[in-house]
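One structure follows; several queries about it will come next.
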């Protein structure tokens, strides 16, 4: 175990996988000479050269699609999309091509590629640069989607994604890059498709992923002082979704709250709440509440932006309201 | 290898940058010849030409140029006979496909190569086994000429388990890993970035050279207006990728003419934005197409110089089987019929004494049998088993993959 | 009232709005000379000329974006996207531009445009041409999304959409074009943001939209023979979503089933189920079940395709299972 | 109206199709002149040029051509003084913006026009009040030169309710309906289709002519590689739209050079794929830029002929305020400094006797005051009220619009 940042974990994993497997290469805007918009790829161009660290023009549809084709011939491209907002320029290649090729051609081809991309608001980047649209990919059969919340999972899930023969979207988060945590040394693979109970508890389950999972864990720890025992389920994998782990937790705690950074309507949390009400129906003591972003294009002004985004305080409020609804007293 | 430049009088030419000036007509070599009596295959050919009568020898606009005649004369007869056989195979296969569609044996969309046979055969003659091919949804002929068993192609159209894509793809999505046919794609332009990436993989792994692999990426004329075309050609240029982009210009994207859709309708010039050389070739001339494609592939594999080839031909029918093409002018339809490459090559071969009528007839009969067998094979093959619905869900299995039928519960809840 | 097809209703509405308002014009691939892939616009080029019925090249991002700009200058473009699958080529203009411009520029501009596009599987069009990805748009603040299931709603919602000053996506369905129904004559506007109870019932609520709403109504009528009283809520508007109408129905019936044509995970039905469990929690007698497509890229072969898609029979099964779970006997 | 063609010796030229051949250097007129003593504004200008010392009179690579000198001499002095004033306004505004960013008064991303002042002023001098402007996220200078109050621009950067976009947009998203500035856009290339559509609306509603409206759509060099560029220019060509596309070629898209990103790095040639004429102009020459833009706008409004203008200049700083631009070579940075259009024009104006030092100093002092007032206005303005979070949710209110804050229940359920 070594304590490093989420950014460092991603960087080290890319480097380790490139050293391990000659067919792994990086592709994206400004990942080489510029060292990456968020510096995840810093130093890799110098170490591996332009064949394996390939700067691209501003052509998201083109280079994501090029990664699809390279993967069909057996390479393992790891694409960086500068932010998930720009993935909309490439989504036809992701959804209509990468996700379809394996099944549509009867299993004859596979597309072992990874797309790494950060989402996240709260940086005053305005309406088009602050979205959390991972639900677009989580909805699509043929894709796998992971969203690590810790440096350890960043390593474990990115490693698994690179070694996986299907197209995997790795959703990172701007607000997590500088966060630190213990990361296992050596080979560390986190199985795609499995959620983690990051804190056990008995009174209420909070389900979250990515930045919100870090908030959830923090809130859960703080509520111990109030003698409220919160269990935290960190989804880690949005597709496939580990429904059993979620429902098992709620069957135990009988209450659930979801926190997510995306817009509420038709967001990730909708599936979580729908899953819980079906899989833990006879155990549930209160409605599953969702804490999510206000449904507006995210404003630039800090005052408005902060009002629109979910915070730890919102989660605390909703946990309390949910406990109150069931007459819970600590 | 014969190249357009080496042969005086060829219409194809490679340009490093387009020339300013007026819109040139597509280069066309016209041939006319007294046609031999129609055999069943050729009757079928003619039936494909809608209801107007077939062009006759009196059609003065056709007639082989001296250069074209010389080019044909320079080819070994068995090569020409084989090209003719392949063109007839495409023709007859497509006619039977149309018929099977009308009889509801084939579902979904069904786009035919009728009228494009010379382009199909010429391109596939140039493409080596080691090369990779990415195509559009209008790709039956390419699959056949790539050497894939017609039965497996027809079975795919029928949605059978024995089809090239196991019944998962249908007419628009033929794929054969062995034949390095890396797919027909139904999203207009969707194949262009992956094809470019396949070329990137080749460049990543191997050096340029005469024996290197290359990629051919087909697209229609209408497709040159989509963003992916621009982005991909630029990538191929700056990365020096071994790829040949071929625009199969049949003059129409559904009902829209090239002139209406493209600010620069001479599409081979559109490589200029990337310094990619462009070649325009008569798509009704199988030899010209083959030679232009060969030279382009040579540039791609030996010099890592991507090339844009435009093959100009005509669509004999509607956009897909169900399209009556009412938007087409009588003049345009007539022109397409007149230029029909299959009877044209047939009469030329006979006229030039390359093959005699008996040999042509034998080829046509053989093709009829092959296609009939393909239809029978497709018809008798089983559909994919419903139990296999999730067989191709993922290449790498992981926990919690949803294998749920529509009425199944998502998660089980016990009271 | 006149009985006409869904196709005819759309056609007649386009024509009526073009006659009414000179700023309304049509834009799309093959809508003029070819008369539309699905013939909705047949005859309009002849009647209105190429200025108002504009055929476009195959440039979805380009012409959808052009409609955005034309709308900013006060025109009312009605775009036809040949199918919703191709909307992925234009989604950056829809989500990052049309949906953002009003709010991001502080309300100074509006984007009064309509995008009409059919979704729907079951036509053996294969994996890339059979998707139901309306959830992509329903998730986005700044957009409005409607999905009529009847000829009358096709008229009423399309009319409302054209007259609305926001970008509206009108989701049509290949399987509905030939369906017939009574359509009010003259001006007929259906308010965006409101669901309809298309059949009253007391035992169970089925929530659906588009093609599935037609199936639901049909099943509900048939189940009367079995003395099961099903209420049907046709969402009509996916954004805004009329949560109160849905929850009011379920509070009354105490049971709910959702049927949808899209994939289950993170589909439209997830939001419906999540909404119901929250808004009718104390009335609900059984888990809200969802009938939805199997999660695979849709296969071409009819056998597989039909197995993957939801049918009336599936809905009947799940209604029975839901009633059984509560010990209901007719 | 003076046009490049009419003036002998101008470097800008309109081409119907690009010419084959080698990559020409950007046309550059060099000027050198003994610089007048630096005033505070120009000291600030020089401070913008990183840490290396400013170019001196000994810099032999600069020096006005006879033609350029003639061009300047032909302009009324007050026009030139006003251009200088505007360039200094952009320069000083951007420097203060950078400073305010470092002081956390401005958040998010902040991209500056430093080094592009001559292009900004030249383009805006050509654009008429009745024309519409679509820009990128690097657009503060355009807003200022469009005549928008600097206080409202700075207030937008500060995220204040008094900002041009009410605080909703920030640095990347300036909008002013009155000034027909129809937005800065942060998605690379995202502005190109809407700008094209705005031109469509003009063509829909009015006839071509000298007094017609037109659209100017700005983009960076890196932006020419995105699909929307291709699709939009093609639409403008086939529909004959009144639009001028301007590529502000500062040589870099973030850290990527034009040469690395574009198969055809002479970007004005990229109109050829649509038969759109291209013009390349020295972006450091305010008069040349203005004249090229004027002529292009004339073609657009009077002939409905879209034009592609490329203005070649340099970025003096990093991509955004936070980018130290370590990837740039010392030579490139030095070159950018040497060509800096603001001190160049200043010394030229003084040298040529167009304005005297006192007048220049007065202009600079006035601009300093204006910008200081803008900062003060921004600083004192209130932020948007949280109560207004849903004020711009929709233009047409409809039932059930979600007005929920993050901790609010979705629907209320009573036991």
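Which chain is which? They are A, B, C and D, in the order written, and residues in each are numbered from 1.
Here is the rule we go by: a residue touches a chain if its C-beta (ideal position, glycine included) is under 8 Å from a C-beta of that chain, and two chains touch if they have at least 3 such contacts.
Predicted model, so just to flag it, every value in this text is computed and none were measured.
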{"item": "Farthest chain (mean CA position) relative to chain B", "value": "D"}
{"item": "Comparison of B-C and C-D by number of C-beta pairs in contact, larger one", "value": "C-D"}
{"item": "Chain A and chain C, separation of their C-alpha mean positions in angstrom", "value": "30"}
{"item": "Chain A and chain D, separation of their C-alpha mean positions in angstrom", "value": "37"}
{"item": "Inter-chain centre distance, chain C versus chain D - centres from mean C-alpha coordinates, in Å", "value": "42"}
{"item": "For chain A, residues that touch 2 or more chains besides their own", "value": "57, 59, 61-62, 85, 89, 92, 96-97, 103-104, 126-128, 141-142, 241, 265, 274, 278-279, 281, 287, 289-290, 295-296, 299"}
{"item": "Touching two or more other chains - residues of chain B", "value": "165, 167-169, 173, 185, 187, 190, 225-228, 231, 234, 238, 260-262, 392-393, 402, 409-410, 413, 415"}
{"item": "Chain A - residues contacting chain C, complex", "value": "85, 88-89, 91-92, 95-97, 99-100, 103-104, 126-128, 133, 135-136, 138-142, 239, 241, 262-263, 265-274, 276-279, 281, 284, 286-290, 295-297, 299"}
{"item": "Contacting residues of chain C [partner chain D, same complex]", "value": "25, 51, 54, 56-57, 59, 61-75, 77, 92-93, 96-97, 101-112, 141-142, 144, 164-166, 191-194, 237, 240-244, 247, 274-275, 278-282"}
{"item": "For the chain B and chain D complex, residues of the former touching the latter", "value": "16-21, 225-231, 233-234, 236-238, 260-264, 269-270, 272-276"}
{"item": "Touching residues (chain side chain B, partner chain C) in the complex", "value": "107-109, 159-161, 165, 167-170, 172-173, 185-190, 222-223, 225-227, 253-256, 260-262, 327, 383-386, 388-390, 392-393, 402, 404-407, 409-410, 413, 415"}
{"item": "Chain B residues within the chain A interface of the complex", "value": "132, 134, 163-169, 173, 175-177, 182-183, 185, 187, 190, 192-202, 204-205, 227-228, 231-232, 234-235, 238-239, 391-396, 398-402, 409-415"}
